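Heads up, the next two complexes both have subunit A, just with different partners, subunit B and then subunit C.
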Partner chain A sequence: MGIVVFFLAAFLAIVSALAVVSQRNPFVSALGLLGNLVSLATLMLLLDAQFVAAAQVIVYAGAIMVMFLFVIAYVGPRGEIGPGTRKPWQVVLAVVAGLLVVTQIVLVVWTTDFGKPSSIDDAFGGPGAVGQAFVTDYLLAFEGVSVILFMAAVAGVILGAGARPKRLTTDQVLAKEGEAEARRRAASRAAIEAAREAEPGEAR
Partner chain B sequence: MSVGLPFYLSVSAILFAIGLVGVLLRRSPLTTLLSLEVMLNSVNLTLVAFSRQVGGSDGQVFALVVMGIAAAEVVVGLGLVVAMTRREMVLDTDELRSMSG
Partner chain C sequence: MVDGVLATIIKSFVLVNVLMAFFAFMTWVERKLIGRFQVRYGPNRVGPFGLLQPIADLGKMLQKENMVPEGARVKLYMVAPLIAMTCAIGAFGLMPFGGVATIPYFDYQFHLYIADTSVSLLVVAAIGSLGFYGLMIGGWASGSKYALLGGMRAIAQLVSYEVAFTLAVIGVIIQAGSLSFVAISDAQMPLWFIVPQFLGFLVFFVAAVAESNRPPFDLVEADGEVVAGYHTEYGGMRYAMFAAAEFINAITLSALGAVLFLGGPNGPFLPGPLWMLIKIGAFLFVLIWIRATLPRVRFDQLMKIGWKVLLPVATLNLLLTAVAVVYL
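Right after this comes the complex of A and B.
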């Protein structure tokens, strides 16, 4: 049973990852990533990591994907850019790099003896065990992530707020008003001169 | 574990390579970010698989930290995409070369 679930989830994960990379429409890519995330959560459940699998679905599929879909909808058809003007040698090099990574890792992994998986108790992978590790051994990493998330939130607000008009000092405002006043005076002076030119007799 | 560790690591390697090719080849910043997510997730699978093999929670903690960093990275990346859209710039990473030497 577990073997069937593993191969099904692995197949779905790889197919959906290919969809993410190959689709032209970013909306379809995002939906492919959603399938990839759920398949990976299934694989994590097979590895007895219930809490990480749940967090994967809630945080990634819930929060991050909603953000992605929102921005893709905001950008609209401008986001649709295919591989386009990539030169053939660039495509070949990229695929060769990917294949090299795969062959290297697969060769190492299948020629190494990892031994038997260690035995685990019922608490393994639950929120209790993971949470305890977080607040004891990995407290610094935990706090670091919270600081980074806060910085990212501030950065997102600043980037999303866009370019606002520059704030001027009082002197700059007065200078601008003075320029405008001078322009108005010049314009009315020019108008009066023109009127005098048009009817010289009446003006004298 | 019904199947051995090498199976999980191989799936993870394949997903990582797919994401790598996507990052290298795609020009839309949105698709590049999505490919990056595929890479990060494949590494998460590796961490969880090794955590099960060793029998400790360390790998799972690391995977959760990676998720938090990925969320922060997505916020900044999508903020850049929104800012580019507002400035009427082309959403093409090949066109963003004003800082190239």
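Right after this comes the complex of A and C.
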């Protein structure tokens, strides 16, 4: 049962990952990434990491990808990539990055001892065990991440709010309106005079 | 988790069918109740008291022509209602309906829930948030601006209310000390969490109404602004699936409210499933009542309620709960 689910999820993960990079429409690509995240969550379930699996779906699939799709739908057909937009340096970069990932996979598989499966207890991967790890062994990293997230939240608010519009007093508003009115009058006067000068020439 | 694969499949089959029947019955109840609230009769022609109305509606839906609008992305257009429906039913599958039951004569014992994991609450939240992709994909793939706007409204609403919803639920989690539905229900044995977590309950309820896209928060399908929202271009059975998913989400959120705040299947005299039914029914009645009485909010009001009222209140509730649990 487990092995069937594993191969199914692994197959789906690869197919959806390919869809992310091969689809021209960003909306479909984002859906591919969503499928990839869900497949990975399934793989994590098989590794007895229930909490990480659930958190992955909630945070990445449920919140982050939703925002991606929102932005892509907002941008609309402008986001679609036409033919001939691929640049040569992108191809080089992609090949290098791909080779790096392949090297990493090979190294990891090479150095791992697959002989003996590690033993785990019942609490492993549950919310209790994960929480325990957060506030004991990895407290510093956990707090560091929370500070970074807080900074991101504050930055989001500041960027989203933009520059504050200057508040004008009533006098300033009236003065501005007066200026605009005077400019409009001057413009229309100039137009009328120009028309008067042009008129005799037209009449002939 | 003790039951075998076959027992789980049978239980899932029974649960899905009971859920669909309950949904059909509830559409009748909703129309009848709203009729009464508005001093009308409601459906009363098909069958006794109009009880066969849902079946007549189903027959009508099935006979509709299978239409795909021009400019739609056909595959995604077809699959969107399926996503919404699957996630709606899947989230309900984790609800507990009691402890251990025994079938007489065979002496076979089984649990009155399909699965009880240590992260049940998170799984329900995860599946529930995946269900919104059905709305978004449906809105986008229809190739219509109203559908797209409806889908985007659905996402904006989900993102805004998910935060307050989760924070309100965390209060319960802290007090129960578990994410498993069975443990949370059992933790409320002497006193339902609605009493100590009343603030959290209020936030939960408002956020739940908003998440199930029901009035007064049904901005997603506000007919004066975006026609019918994400399902504008859908007809027949696909529309019915969207409608069913929406109502089943409301049922799931009612069941969640019953488990988190009203003691779940625990109660005196009556068996667990009956208690769950009564509590879910009570929630649904209030939802229908609200639908019949309150006008729809504006979109800026919706955002204001979510971010400026519910979020601070939920955070306050969370802080108070944390302090109380540690120091009392």
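Here is the rule we go by: the second predicted complex is superposed on the first by the 129 of 204 C-alpha atoms of A that agree within 3 Å, B and C clash if a C-alpha of one lies under 4 Å from a C-alpha of the other, contacts with A are read in each partner's own complex, and residues count from 1 in each chain.
We take it that a residue touches a chain if its C-beta (ideal position, glycine included) is under 8 Å from a C-beta of that chain, and two chains touch if they have at least 3 such contacts.
Please read these numbers as outputs of a predicted model, since none were measured by experiment.
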Now for A:127: first (subunit B), second (subunit C), both, or neither, which partner does it touch?
second
With both complexes superposed on chain A, which partner does A:37 reach: first (subunit B), second (subunit C), both or neither?
first
Given the touch rule stated above, what does A:61 touch, subunit B (first), subunit C (second), both, or neither?
second
Which partner does A:138 reach: the first (subunit B), the second (subunit C), both, or neither?
first
State whether subunit B or subunit C is in contact with more residues of subunit A in the superposed arrangement.
B
Let me test your reading of the model: by the given contact rule, A:160 touches which partner, first (subunit B), second (subunit C), both or neither?
first
Which of the two partners, first being subunit B and second being subunit C, lies in contact with A:51: first, second, both, or neither?
both
Of the residues on subunit A, which ones does subunit B touch that subunit C also touches?
1, 51, 55, 63, 67, 74
Contact footprint of subunit B on subunit A as seen in their complex:
1-3, 5-6, 10, 13-14, 17-18, 20-21, 23, 26, 29-30, 32-33, 36-37, 40, 43-44, 46-49, 51-52, 55-56, 59-60, 63-64, 67-68, 71-72, 74-75, 78-86, 90-91, 93-95, 97-99, 101-102, 105-106, 109-110, 112, 114, 117-120, 124-125, 129-130, 132-134, 137-138, 141-142, 145, 148-149, 151-153, 155-156, 158-160, 162-163
Please name which positions on subunit C make contact with subunit A in the complex.
5, 76, 117-119, 122-123, 125-127, 129-130, 132-133, 136-137, 139-140, 148, 151-152, 155-156, 158-159, 162, 179
Across the complex, what residues on subunit B touch subunit A?
1-22, 24-28, 30-31, 33-35, 37-38, 41, 44-45, 48-49, 51-55, 57-58, 60-61, 63-65, 67-76, 78-83, 85-87, 90-92, 94
Which residues of subunit A touch subunit C in the complex?
1, 27-28, 31, 34, 38, 50-51, 54-55, 57-58, 61-63, 66-67, 69-70, 73-74, 126-128
